[in-house]
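Listed after this line are the structures, all set down as structure tokens.
Two complexes come next, and they have one chain in common, chain A, joined by chain B in the first and chain C in the second.
Here is the complex of A and B:
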């Protein structure tokens, strides 16, 4: 009885990971080295042909560049913004509970809802953002910016919306890190003559660096593999200006029916992300402080 | 060097009673002043208000002849050693000690000499390259002291700096701390709940309870002439014997109880010995008084370990010299003259 109870209790977790994560990974690995297409009933092994074909297309190379831009800029904004937010939310002030709730809201609310809200905020005709900018006299009413229609603005928009969406999670992680620092430490720094900036730049932020690295790792891996903001706001457009690898893989493999090419595109960054994850975890482990 | 003083210092935390209630204390220049009290007596809160880490609800803090209520901790010219030591875990010992110099804008060229000087004072030069987690408790405490010393503050504030050390280390650390304070001659305010520490270290001891000062005096004064029954029972282990009758409390220390009849004017008792304890350096006896209107009251007394212990159940005559008797008012607990 006892011999089976442990495995039996762990089994659902294993089954869950195997069916919902393991199987799709294995399946896409298989698809990426085959010539499978929607509608064809025979598949054969083609080696790395799908990968080399993908690399040769301009749209893939553009999406790869966009993916890096999208990830680096949004996560840089997130880590800076989350640090500032966490430092503010750690202090006691009237209404802190409400502000903490509001900060968490983008993360708790369904992303489709949030992104559709943004779609309307940035809409070419009904944009609330433009209405405010026009009223403030920043842009002209005759020629307002097309937030989702001009390549650079569209990229800016998806980056900002994705930043908005991933900021709360990083903030919560950093806030937890800051809260775990004993009160004595910043107090000792204050008595030692250190002001606000020095206390945080030399003492508290370096102390939470391991946990900040973990937050960054999550953000980077999540952003490289996520297409929600792009899919809902621009569908990769205009003219592939915001196309990232996950959305390209989706349009190629699912909507375009080229399963093997889609699988190859989606797996392209897998080794890189795996390596990144290992490196970041090692850094986090090494700089661990007690 | 500077005098530290508080005037009617009061702290009320949200929704509570006064944690500190009108405290007036004044150190002398270069003095080692100990705040002693049970937990919750407000001694640490007083220290934190002197440091500027806690804002007083009312009252004043004076350091070096000026009111510092509105000054930040860094402007007060103080150094503090925390109970946890509060070393910066990601910095080496050298950088920990150099941090106050950096923070206060001491020219970079002077850092090495000053850190070396402070490290040498505490014999931790060989540890300068290590991280705090690689140090023992005693070593951490020395690093914390060196960090406090390095910028030569006007006042040292110490919050139970020995309480995280094991008993053996504590005695030697206590001795070192005392030598060090005498050597540099800087005013120190030291918080502890340990009466042995307070008696050993303090030039004067401030005894606090429930946010108020009960007595200020040299260790001998507060021990020999307690101002009230709280001080009488808080100091000394076992505490002073207190016997109440007719609205008056008679007090005497266990070590002042001696066998025999004693001289004229001594308080004499017949006591039945109920229990004895052999403690190595001394012995304690617990007994019940038999006559003189004190029947049934229990007392404890102390005698050398080389003397034969009274057999349990035996009754003997003991006395306390007149000069050793202390009288208190039963209602207020305050000292009063002999009836």
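Here is the complex of A and C:
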């Protein structure tokens, strides 16, 4: 075989990525230590001033805290919910195909469109969620919750919408893991008198830990770096109550035209991405060894 | 055991209801008369007045929605084409020809998929500006392969690895070159893999929001994902009937196709983590 063929086949794809991912990453580092703004041609080196300025603003601190809250709470809900749902979907039953279709809808639908659907579900005046809650006697008709208008409720809404959106993906990944376990293992446990919870908590769930970690990792990276649900539902408001790092970077860098400050805020996403990459590499390495 | 079974059914039903209810609500809203939608005395979960197609007619006849669908389709087809051209050879090279080094390069390519638009949109907007592609669909066609190529290369690498090497080797003994063996033997065998990758690359394009929001400004240039939530609003007023119809059109067909190919996606996606 010719030795040049392999690299020649691989080169175009890598070149494309190097140019259009590598170059912007470098440019982002450059912008973050300069004072570039949209419309000004001259820029000068300002060191880490953008980073220290960002860290000092209350908006940034709020966004950082919200990003962690948003990620941790939604992904904790997702991993618990998805495990429960995957266990329930494991055995074949009538209508399983339809259920899988319905369960997957939030993940397949473009998130901006799912979010606008939720904006209508949580409307201040015509919210069907509130109508149901009023009908069930949970809240009073005179003073229904303003889901997107009150700081705490707005955060809760954004978290729940994002949970709704990412749960299906974790479910299908976990389901794939569960169905890859040989059937005789849980069956043997059942024969030995182990109940449903005992079987799963001490046998099947530990067996799918590597794949659950992959699902969680993708969920965390995807959530920490996403701004779509926040942007559509609340625009980061009311008064920064739901602002997260990516949306703050967007408002500062793109809408505000302060490229250098925006780039600096974006780069705060980087440590978490790096951590995600390292964990993923370790998983890949382990499966290579075994 | 019986009690557990019943409990599991209840869990499934609960999740299915909670996850799909917003889509039922979209469908209901899109067929309701405006007077029905905005009457607070009505039960919102059912039709209180006869259904209507007015919102659907308006959406397709009097808004730019058809244009946005066409834009999305154009970008999607172009991006899928670029993705296949770049990632089919790359995946084959990584799967077959480059050995241990290939494994590492494959993982490096996959990690690129983790780089999110929100890390790159600011420098990317400068790149797009320098290339004079602001407010042009070409900006998306240029940038979207940065996430579809890593994704597609990784999936295709898995598909190619599952094809026995003997197949090409037999063809090469018959006198075909490596490249001809690849083009005439491997590509036809992995056709369903190529279709799967094309479909998922297309759905990634359909779902993208951040770059399209950043690069495009004219109303007529929008894709569905940005056009509907940002521009399908007249003044400050949300026209919920039209909005929900627009969401359904973009969601449901894709969901059906996605379901048909899901198992292959999971197979490719979890290579390495499931053994």
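We take it that the second predicted complex is superposed on the first by the 261 of 290 C-alpha atoms of A that agree within 3 Å, B and C clash if a C-alpha of one lies under 4 Å from a C-alpha of the other, contacts with A are read in each partner's own complex, and residues count from 1 in each chain.
The definition used in the following text is that a contact is a pair of C-beta atoms (placed from the backbone, for glycine too) under 8 Å apart; a residue touches a chain by one contact, two chains touch by 3 or more.
Worth saying up front: this structure is predicted, and the values here are computed from it rather than measured.
With the two structures aligned on chain A, chain B fits next to chain C without clashing.
Contacts of A:17 after superposition: chain C is touched, whereas chain B is not reached. Contacts of A:259 after superposition on the shared chain: chain C is touched, whereas chain B is not.
Taking chain A as the reference, the larger set of touched residues comes from C, when chain B and chain C are compared.
In the superposed model, A:276 lies in contact with chain C only, and not with chain B. In the overlay built on the shared chain, the residue A:207 is in contact with chain B alone; chain C does not reach it. In the superposition on chain A, A:28 makes contact with chain C only, while chain B stays out of contact range.
Chain B and chain C, viewed from the C-alpha centre of chain A in the overlaid structures, lie at an angle of 80 degrees when rounded to the nearest 10. Nowhere in the superposition do the C-alpha atoms of chain B and chain C come closer than 8 Å. When both complexes are aligned on chain A by C-alpha atoms, chain A residues 195, 287, 290 touch chain B in the first and chain C in the second. Residues 182, 184-185, 187-195, 198, 202-203, 206-207, 209, 287, 289-290 of chain A touch chain B in their complex. Only residues 1, 4, 8-9, 11-12, 15-16, 18-20, 22-23, 25-26, 29, 37-38, 40, 43-45, 85-87, 89-90, 92-94, 96-98, 102-103, 105, 107, 109-112, 114-127, 142-143, 145-146, 149-150, 153, 178-179, 203, 206-207, 209-210, 213-214, 224-226, 228-229, 238, 240, 243-244, 246-247, 250-251, 254-256, 258-259, 262, 266-267, 269-270, 272-275 of chain C touch chain A when the two sit together in their complex. Taken together, the chain A residues at the contact with chain C in this complex read 1-2, 5-10, 12-14, 16-17, 20-21, 23-25, 27-28, 31, 81, 84-85, 87-89, 91, 93, 99-106, 108-121, 123, 125-126, 128, 131-132, 164, 167-168, 172-173, 176-177, 180, 195-196, 210-211, 213-214, 221-222, 225-228, 231-232, 245-246, 249-250, 253-254, 259, 262-263, 266-267, 269-270, 273, 276-277, 280-281, 283-284, 287-288, 290. Of all residues in chain B, only 51-53, 72-74, 78-80, 82-84, 86, 88-90, 99-100, 102-104, 133, 147, 151, 157 touch chain A in the complex they form.
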